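Structure incoming, see below.
Order of writing sets the chain letters: A, B, C, D, E, F, G and H. Residues in each chain are counted from 1.
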Amino acid sequence: LNQGFPEVIFGLGKTPEQIAAIFERLAAKGLPVLATRCTRDAYEAVRAKVPDAEYNPLGRTVTVRVNVGSQQDNLVDDVGAAESKSTSSKKTEQRECEHNISGVEALGTVAVVTAGTADLPVAEEAAVSAQAMGCQVRRIFDVGVAGLHRLLSKRDELMDVQVIIVIAGMEGALASVVAGMVDVPVIAVPTSIGYGANFGGLSALLGMLNSCALGVGVVNIDNGFGAAALAATIVRGYRR
Amino acid sequence: LNQGFPEVIFGLGKTPEQIAAIFERLAAKGLPVLATRCTRDAYEAVRAKVPDAEYNPLGRTVTVRVNVGSQQDNLVDDVGAAESKSTSSKKTEQRECEHNISGVEALGTVAVVTAGTADLPVAEEAAVSAQAMGCQVRRIFDVGVAGLHRLLSKRDELMDVQVIIVIAGMEGALASVVAGMVDVPVIAVPTSIGYGANFGGLSALLGMLNSCALGVGVVNIDNGFGAAALAATIVRGYRR
Amino acid sequence: LNQGFPEVIFGLGKTPEQIAAIFERLAAKGLPVLATRCTRDAYEAVRAKVPDAEYNPLGRTVTVRVNVGSQQDNLVDDVGAAESKSTSSKKTEQRECEHNISGVEALGTVAVVTAGTADLPVAEEAAVSAQAMGCQVRRIFDVGVAGLHRLLSKRDELMDVQVIIVIAGMEGALASVVAGMVDVPVIAVPTSIGYGANFGGLSALLGMLNSCALGVGVVNIDNGFGAAALAATIVRGYRR
Amino acid sequence: LNQGFPEVIFGLGKTPEQIAAIFERLAAKGLPVLATRCTRDAYEAVRAKVPDAEYNPLGRTVTVRVNVGSQQDNLVDDVGAAESKSTSSKKTEQRECEHNISGVEALGTVAVVTAGTADLPVAEEAAVSAQAMGCQVRRIFDVGVAGLHRLLSKRDELMDVQVIIVIAGMEGALASVVAGMVDVPVIAVPTSIGYGANFGGLSALLGMLNSCALGVGVVNIDNGFGAAALAATIVRGYRR
Amino acid sequence: LNQGFPEVIFGLGKTPEQIAAIFERLAAKGLPVLATRCTRDAYEAVRAKVPDAEYNPLGRTVTVRVNVGSQQDNLVDDVGAAESKSTSSKKTEQRECEHNISGVEALGTVAVVTAGTADLPVAEEAAVSAQAMGCQVRRIFDVGVAGLHRLLSKRDELMDVQVIIVIAGMEGALASVVAGMVDVPVIAVPTSIGYGANFGGLSALLGMLNSCALGVGVVNIDNGFGAAALAATIVRGYRR
Amino acid sequence: LNQGFPEVIFGLGKTPEQIAAIFERLAAKGLPVLATRCTRDAYEAVRAKVPDAEYNPLGRTVTVRVNVGSQQDNLVDDVGAAESKSTSSKKTEQRECEHNISGVEALGTVAVVTAGTADLPVAEEAAVSAQAMGCQVRRIFDVGVAGLHRLLSKRDELMDVQVIIVIAGMEGALASVVAGMVDVPVIAVPTSIGYGANFGGLSALLGMLNSCALGVGVVNIDNGFGAAALAATIVRGYRR
Amino acid sequence: LNQGFPEVIFGLGKTPEQIAAIFERLAAKGLPVLATRCTRDAYEAVRAKVPDAEYNPLGRTVTVRVNVGSQQDNLVDDVGAAESKSTSSKKTEQRECEHNISGVEALGTVAVVTAGTADLPVAEEAAVSAQAMGCQVRRIFDVGVAGLHRLLSKRDELMDVQVIIVIAGMEGALASVVAGMVDVPVIAVPTSIGYGANFGGLSALLGMLNSCALGVGVVNIDNGFGAAALAATIVRGYRR
Amino acid sequence: LNQGFPEVIFGLGKTPEQIAAIFERLAAKGLPVLATRCTRDAYEAVRAKVPDAEYNPLGRTVTVRVNVGSQQDNLVDDVGAAESKSTSSKKTEQRECEHNISGVEALGTVAVVTAGTADLPVAEEAAVSAQAMGCQVRRIFDVGVAGLHRLLSKRDELMDVQVIIVIAGMEGALASVVAGMVDVPVIAVPTSIGYGANFGGLSALLGMLNSCALGVGVVNIDNGFGAAALAATIVRGYRR
C-alpha cells in the first residue's frame, strides 16, 4: 500500500506502550498513520508522544495527519457528541470530508450504511479508515430492514456514491436489500452484534455470503478496516 | 389435533406401499387425509387404492377430502401447469380456497409468501397443508428482497390476512422485511435452497432466528407442514 | 408496533447513561417505556431521571407506566422477594395482571412456563414484556419433564390461555411435551442454561426446532422479549 | 466379550461376499453369530452358505443360533409382518424371548422404547442385538412425548425391567421423560431421523447429553448395537 | 430418586446466599445433602448455617451427613492435601469409603479413573457424588494412554469393581482402552480440559461417542455428577 | 442489472425443460441470455429451441448472443478441447474476448486466476459470466501457492487488469498471495474442491475471510457467477 | 518433489480418460508415475495405454515403474487376495519392499498401522504411496486400542522403523497409544470411517490433534498419500 | 521422552504454587526442566525456589539448565528487549543456540517461521521448547504471504535446516508456501490469532490440514510446544 495511503497499525493484542512506540516512529518520519482497535488508554499513550494524534472513541481509531499543524475537523475526539449520537433519535448521520490524513484530494465517495446503533463501532472504524485512505465518506446509519421506510427515504443518497459499505449484525439482511436498490459495488461487513443463535456474527456472515442480490463482496466479521481498504482500492481505480 | 383437522402421514422414509396402506385405512374411515413428502410413485400407489386422492407435484402432498365425490379445485394434480408456473415470468401467484378437505368453512386467511422459485416446493407443502387444516390460503410468490418493488407492490395483500408464512432460503431476509411491514404474526420457514455457505439451510435458519423485526416465530428448515400447523393453530384461536 | 404497545429499549451493549438518556426522552413524551437487558446500574441511572421507573431484577427490565402516579403492583423492584422465590421450595408461581403499562385493558392471557429455576431470568423478561405489551400473564415455573407429575398437575392452568411461552434450556424437551398437551400456539424459547454439550443453548434450540409436536414456533436463544412480542401479536389478533 | 456373547460382524462397508465369508467361518466353529448393518443382499449371500441364518429386515441383522436345528421364533425373517407392523395403527409392540442365540438362559429383561415409527430400524438392531447377547427384550414402540398418554399407559411395563434403551430422533426428549419415570439405568440412542436442523441426529444427541434427568448414558447416533452391548454388560452384572 | 440418595443442589448460577438457604432448609429436615459446583464462598455461606457441612475444594462439592455429629473422614476439607496431591509425583490415588452420607451401607464399588491431573476437579465431583449416593469409590488417577504401563499396572484394581467411571479430556482415548480391558459397564465423562481444537471438550466427547470398545455410555462434558448418578443407579440394581 | 447485462437463469434445481422454456422466452425477446449450472441435458433442451445457444461444458453455462447470426469464438462448445485442456501440461490459459453477448464493447479486463485444475468448473463459470456481462477476461490457471514460481512468472499479466477473481479450494491461500502482489481489487471465490477437513469448502472460505492481505472481498463457495457480477459492477464504474 | 520421487496424479474428480491421458504422457517420458483415488475403470483406461500399469484395488492406486519390463511384486493387482485379506482372521499384515518404482534403493522403513479393517483403503493408499516414494513399508493392521494385547504384541515391529503412520477412524485413539510406545515421529491419519457423531472423520481428527502423546503430526482426514509424502520427506533426511 | 530431553510441566490450569512445587522437586534431582504456559507470577514463584530459573516473557516458558552455574544466553528474561522486538521495524529475527538446557550438543537446526507479530508468543514457546529438547533454533519472523518478497529473501536460510516449524494465524497460508519452497518436513502450527470468522484458530487449522503442498504435518492450535517435540523427535532420528 502506498501513494496516498497511510501506515496502519492493528492495535488488537498490542499494549498501549507498543502502539505508542510504533505510532511515534512512523509519525516521526512524516507519514500519515492510522491505528485501529485502540482503547482510550492506547490513545493516551500515543498522545503523550504525538500530541496531534486524534481519537475516534466509537471507532477506536487513532490518526495523525501528515500536515500536523492543520485542523482535522471530522475525526475529532468529541466523545460526548459521538457517543450521545449513537443513542439520539436523530439517527441517520451524514458527515463527509474533503481531505484525508495524507493531505491528498478525496478520490471519490463511499457510503457507510448501518442497520442499528450497535453496529456503530464497526461503522466508525470503516468510516475513519476509508477517510484515512483517501475516500470521502457519507454516513447513513440506522436504516435496518425492519423499518423499510427509513432506508427507502435514503435512496438518493445511496445512488450517487462509488461504493457502499453495508454493516449489519443479526440476520445481515441489509446488504441484500441495499444491493438490490443500487448498481454500485456493495461491501458487506457482518458484525458480531447479537446473542444466542448469532454465534459471534455467524448468522450475519452466512446471510451476506448467501445474498441473493448481485454485486456483493463480503469481508470478515467486524472488519470495518478491511471493508474500507477494499472500498479505497476500488475507488482508487476510478482515478487511474 | 382434531376438529376439522385431517389425519397426517409423514411420507419421508416410508415406501409407496406403506404410505398407500396407511392412507387407505384412514380414508376408509371417512377421515380427511393429508400425506406429505410423497413422491409421484407414492401417489400412484395411493391412487390405486383411493381413486379420489389428489397430488400436488410441487408440494409433494397427497390429499383426499371427506366428501370424496365433490370437486377439489385448488389441489388438482395439474403437473404441467404447476411446474411451468414455477418458471413463468408471471411470478406472483394468488390462489385461495373456500373449503378445506374436512368440509369445514375456512377459519381465516393465511398468506404464503416466498422469496424465489426454488422455495416453491416448501411453499406448496405449506399451502396445501394449511388448506387441509381449514385455512384459506393466499399465495404471494417470488417477492425476494433483492427486488423490493415486487414486495412493496403486494403490501395490501399482506395487510388483510390473519397470519403470514414467509418461506425463504439463502439469507432468509424476507422474514424480517415482511414482519416489519405488517402487524400480524409471521411464521418463518428457512429453506435448504442454496449451496456452499448455505450449509443445508443454516444461513436462512440463523438469519430468521436473529430477525431484528418483532412478531416472528421460526420452524425447522423446509418444514412447510409445521408452519401450516402453527398458522392453523393461531387462526383457529380467532374463531373461539 | 403501536397501539397499546410501549416503546422498547434494548439495553445490551449500551451504557447506563445511554439507556437513561433514551428512557428519559421517551418517558417525557408520556409514552410507556420498556427497557430490557438492564443491569441494576442502568436502572439506577434511569431512576435518577425517571423516579417512577420500576426494576425487575431477575428479568433485568426497567419499565414505566403512562400514568406515572399510579401503583404498579406486579412489576415491583422487590429484589429479596423475587430472588428468594427462585430458590424457594414453593416453585410454581402464578402472578397475573389486570392492566399493562400503557393503561389498556389486558388483551388475553399468556402462560409463561419454565423447566427449571435457571430459566427464571428469561422467563421474567418474557413475562414483564408480555405484560407491558398488553397481555395478562400466568407464570407456571419449574415444571421440567424429568418430573412429569409437576407438569401434569398444571394441565388446567395451561388449558385456558390464548398462547403459551415455554422456556427451557438443557434438552428443551418441555416445549414438545406442553405442545402435545394443549391446542393453542406454543412459542418456544431455548435458554443458554447449561454447560458442555449445551454449546450456549444450541442443544435446546435444535431440540425445539425439531419438535415432534404441532403448533410450535421458535425464537432466538434467551429471547424472552421476542417471545413476548410474538405472543402479544397473536393475542392482539383475537381482539380485532 | 465372551461367555454367552456371540461373535459380531459389523456389516457397514463390507460387501455381501465379505460378510458371508466371515459369517460362514465363525458359524462353522459352532459359534453363535450376529451381523449388523446387513442389506438383504448380504443376508442372501450368508444364507447361501449358512442356511439356518435368519434375517430381521427392519433391524438389518443376520443371526444364527448355536443349536442350528432348533426354532428361532422371535428373530424370524417375516418381512411382510415386520414391515407392515411399522405402519400399523396398533403401534406398541411387545415381544420377549426366552433364550438367546447362544442357548443360554436370559439374564434379565431390557425394554426397548421408541418415540416414532421412523426409529424402528435402530430399535430392531438394538432388540435383536440384546437378545443375541442374552437379554430378554420388551418392545415398547411409538410412545413419543407429543402424546404423553401413550407413554403414561406403559408405566407398569417400564417399571419391572433391569435396563431401558430409549431410542428417539428429532428432539430426543423421550430419554429425559422416561428416565424421570423410572429408577433403572436408561441408555439413550439418538437417531438420525429428521431433516433440516436435525443435522444428522445432532439435535437428539445434544438433547440426550443435556438431559435434566438422572441415570442416563448416551451412545452414538443410530448405534442400536452399542446400546444393546451396554445393556447386556449391565444386566450381566446382576447375575454375578 | 430416593432411598439412600441425598437431596442434590446444582450450585452453578446460584449465589452463595441462595445455596446456603436451600442447603439449610434441607439439612434442617434431617436429609443428607449434596451440593455441586460450589465455590469456597458458597461453602463458607453454607457452613455459617450448617456447621457440619464439609467441602471438597477440588470437586467443588459441599456435603452434610444425616448423622451430623459423626466423623466424615474421606470428604474432609483438607485443601492443602487435596491440592498438592494433584501435583505430586505419587499420582495414582485410591481412597475408599465404607458409609455414605445417608448412613447406609455401601452398595458396591465404583472406580473413578482419570487420564491426567487436569481432570481431577471432575473426578472429585464424580467421586464425592458417588459416595454420597451410596457407592464405595476407588480412585485411580493419572493413567492416561500416552503411558500405557501406568494403566496396565492397575489392571487388577479395575477388575473387581461393579462400574468404572472414566474421565478424560483431550482425545478421550482412555475410555476405549479401559473398556477393552474389562467387562463391566464403563461410564465415560469427557472433560473440557485443553485448548485449540479441543473446542471446549468436543474432541473428547466425540471420541467417547465413537468408541470402538463395547459397554460404554457417555454423559455430558464435565458432568462428574451425572456419571455418578448413572453409576449409582446401576450399582443399586445389583442389590435388589 | 440492466444496460449491457444479460438476463440470467440459475439452472440448479430446475429441469432441462424448465430451463429451456425460460431461455426460449427471453431469447425470443432478442435479449442476451446466460444460464448457469446447466447439465449437458439442459443444454440439449435449450438448443432444441434456440439453435444458436452455446455450451461451455466445464463452466456448465449456456449462452446466446443478441446478434445470433455472428460468431461467438470464445464460448464455443468445444468439449474435447476444453476438457483435455484441464488435464494438459500446458496449464496456464489466456483467452480474451473483444465483445460480450450483448454486443457491447468490453468495459475492461478481469483476470480469472485459479490454484488447481479442480477449480476449473468454477473458473469457467466466472469467466463466461464476466464475458457475458461485458468484461474482457484473461485466464491465468493453475498457479497455486505450492509452486510459487508459476505465480511469480505471471506477475505482469496480473498487473494490468482492473479486477482479479481468485478461485481456490483447499486452504484458499492464493487470494492472499495475489492480493499482496497487486493493488487492484481481488474477489475471492472459495471452491468446495477437496475432502475431509475441507468440509465442503469451509477451509477455503474461512481462509479467504481471514486474509491478511488488503483489498479482498469474498463471495460464496463455488459462486463463480457472483464473483463475475461483482467484478462487472466494479469495472462498469470505471466507465462512468 | 524430485530425486527418486514419482510424478503424482490425484484421481478424485477426474474422468478415467483424463487420468489415462496424463498417465500416458508422463510414463512416455520414462518417469515413474503414481495415481491415487482411481476407480477400477480409471485403471482399465490407464492399462489400455500403459500395459505395465498396476492397480491396488484397496488403496485405489495405479503405478508404473521406471523400468517397465521388470516385476513389481508388492504392488500387484491381485484383487481377490487383497480383498479377502481385509476380511480374513489373520489380520496383521506385513509386506515390505526392496525397491520403489523409481528403481532407487529404499531410504528406510515406514510402519503403516491401522486400527480396524475399515481403515484398509487409506492404509493401502499410504503404503503404496510411501513405497512409490522410496520407503520400505511394514504393514501392521487391525491393532485397535479396544484389544490392547494385539498392539502390545507388535511392540518390537514398531520399534525399529524410522517413521510410523497411524491410521484410525472412530475416536482415533491409536495414534496416542502408539506415540506413547515409541520414540520416532508418528504421522496420524484420521479416517472418515464411522457414522453418527463421527461427522465424516471429525471425531478422529480432533482426537489426533489433541493427542496427549508427544511427537505426533496430523494430516487431513483419509489423506493416506499426504502421510506418505511427509514420511518420505522425513526418511529422506536420514540419508543426507 | 528421555536422553537429552528435559522434564516438562504444562502450566495451564495450575497455580503458581503448584508449578513452583513441581519445578523445585524436578530441579532438585538435577534434571533440566521446561515449564510452558506460565504467567510472570508463576515464574516469580519458581524463581523464589529455583533462583537460576529463567523466563521467556513472550513464550511464557520457565527453564532451568542442568549445569545451573553456567550462562544461558539465548533464553534470557530480557523483557524489554523481547517485547520491543515484537513491535520493531527490524522484524525478521535469527537467534541460534549451541547447547540446550540438558547440556548436550545440538542435534540439528530447526527454523521457526512466523507470519506476523501476533504469532510471536506461540513462536517463542516453540523456539524455547525446541532448544530445551536439544535443537539449534533459527528464528525467521514476520514473513507472511501478503508480502512475498520478505519470505523470498529468506530462501537461503530456510534451505539448510533439518525441519521447519511454520506458525501462522488468520488463513494459515504460510505453511503451504514454505512447504512448496523447501524439501524438508514442515510442521504447521495454526494460531488462534484473529477475530470473527477466525473462530479461535479454526481458519488456520483447516487451511493447514488442507495444504496443497507436500510434506506438512499439523499440530493443535497454538501448540508451539507440541511442534517442537515433533521437530526434536525428527531431528533426533538423524543422529542415530
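The criterion applied here is as follows: a contact is a pair of C-beta atoms (placed from the backbone, for glycine too) under 8 Å apart; a residue touches a chain by one contact, two chains touch by 3 or more.
Computed from a predicted model, the values in this text were never measured in an experiment.
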Query - Touching subunit A and also subunit G, the following chains - result: F, H
**Report entry** Smallest number of contact steps required from subunit C to reach subunit H
**Finding:** 2
Query raised in the report: Of the pairs given as C-D, G-H or B-F, which one copies B-D, with over half of its contacts the same by residue number?
Result: B-F
Report task. Compare the CA centroid of subunit G with every other chain's and tell me the farthest one. Result -> C
Report task. Please compute the C-alpha centroid of subunit F, do the same for subunit H, then give the distance between them in whole Å. Result -> 43
Query raised in the report: From the C-alpha centre of subunit F to that of subunit G, how far is it in Å?
Result: 37
Query raised in the report: What whole-number Å value describes the gap between the mean CA coordinates of subunit B and subunit E?
Result: 51
Query raised in the report: Which residues belonging to subunit A are in contact with no fewer than two other chains?
Result: 196-199, 205, 209-210, 214, 220-221
Query raised in the report: What are the touching chain pairs in this one?
Result: A-B, A-C, A-F, A-H, B-C, B-D, B-F, C-D, C-E, D-E, D-G, E-G, E-H, F-G, F-H, G-H
Query raised in the report: Given the complex with subunit G, which residues does subunit H contribute to the contact?
Result: 1-2, 162, 183-185, 187, 205, 209-210, 214-221, 226, 229-230, 233-234, 236-238
Query raised in the report: Along subunit C, where are the residues that touch subunit A in the complex?
Result: 12-15, 18, 21-22, 25, 190, 192, 200-201, 205, 220-223
Query raised in the report: Where on subunit C does subunit D make contact in their complex?
Result: 115-116, 144-148, 152, 169-173, 176-177, 179-181, 194, 196-199, 202-214
Query raised in the report: Where on subunit G is subunit D touching in the complex?
Result: 83-84, 86-87, 89, 118, 193, 195-199
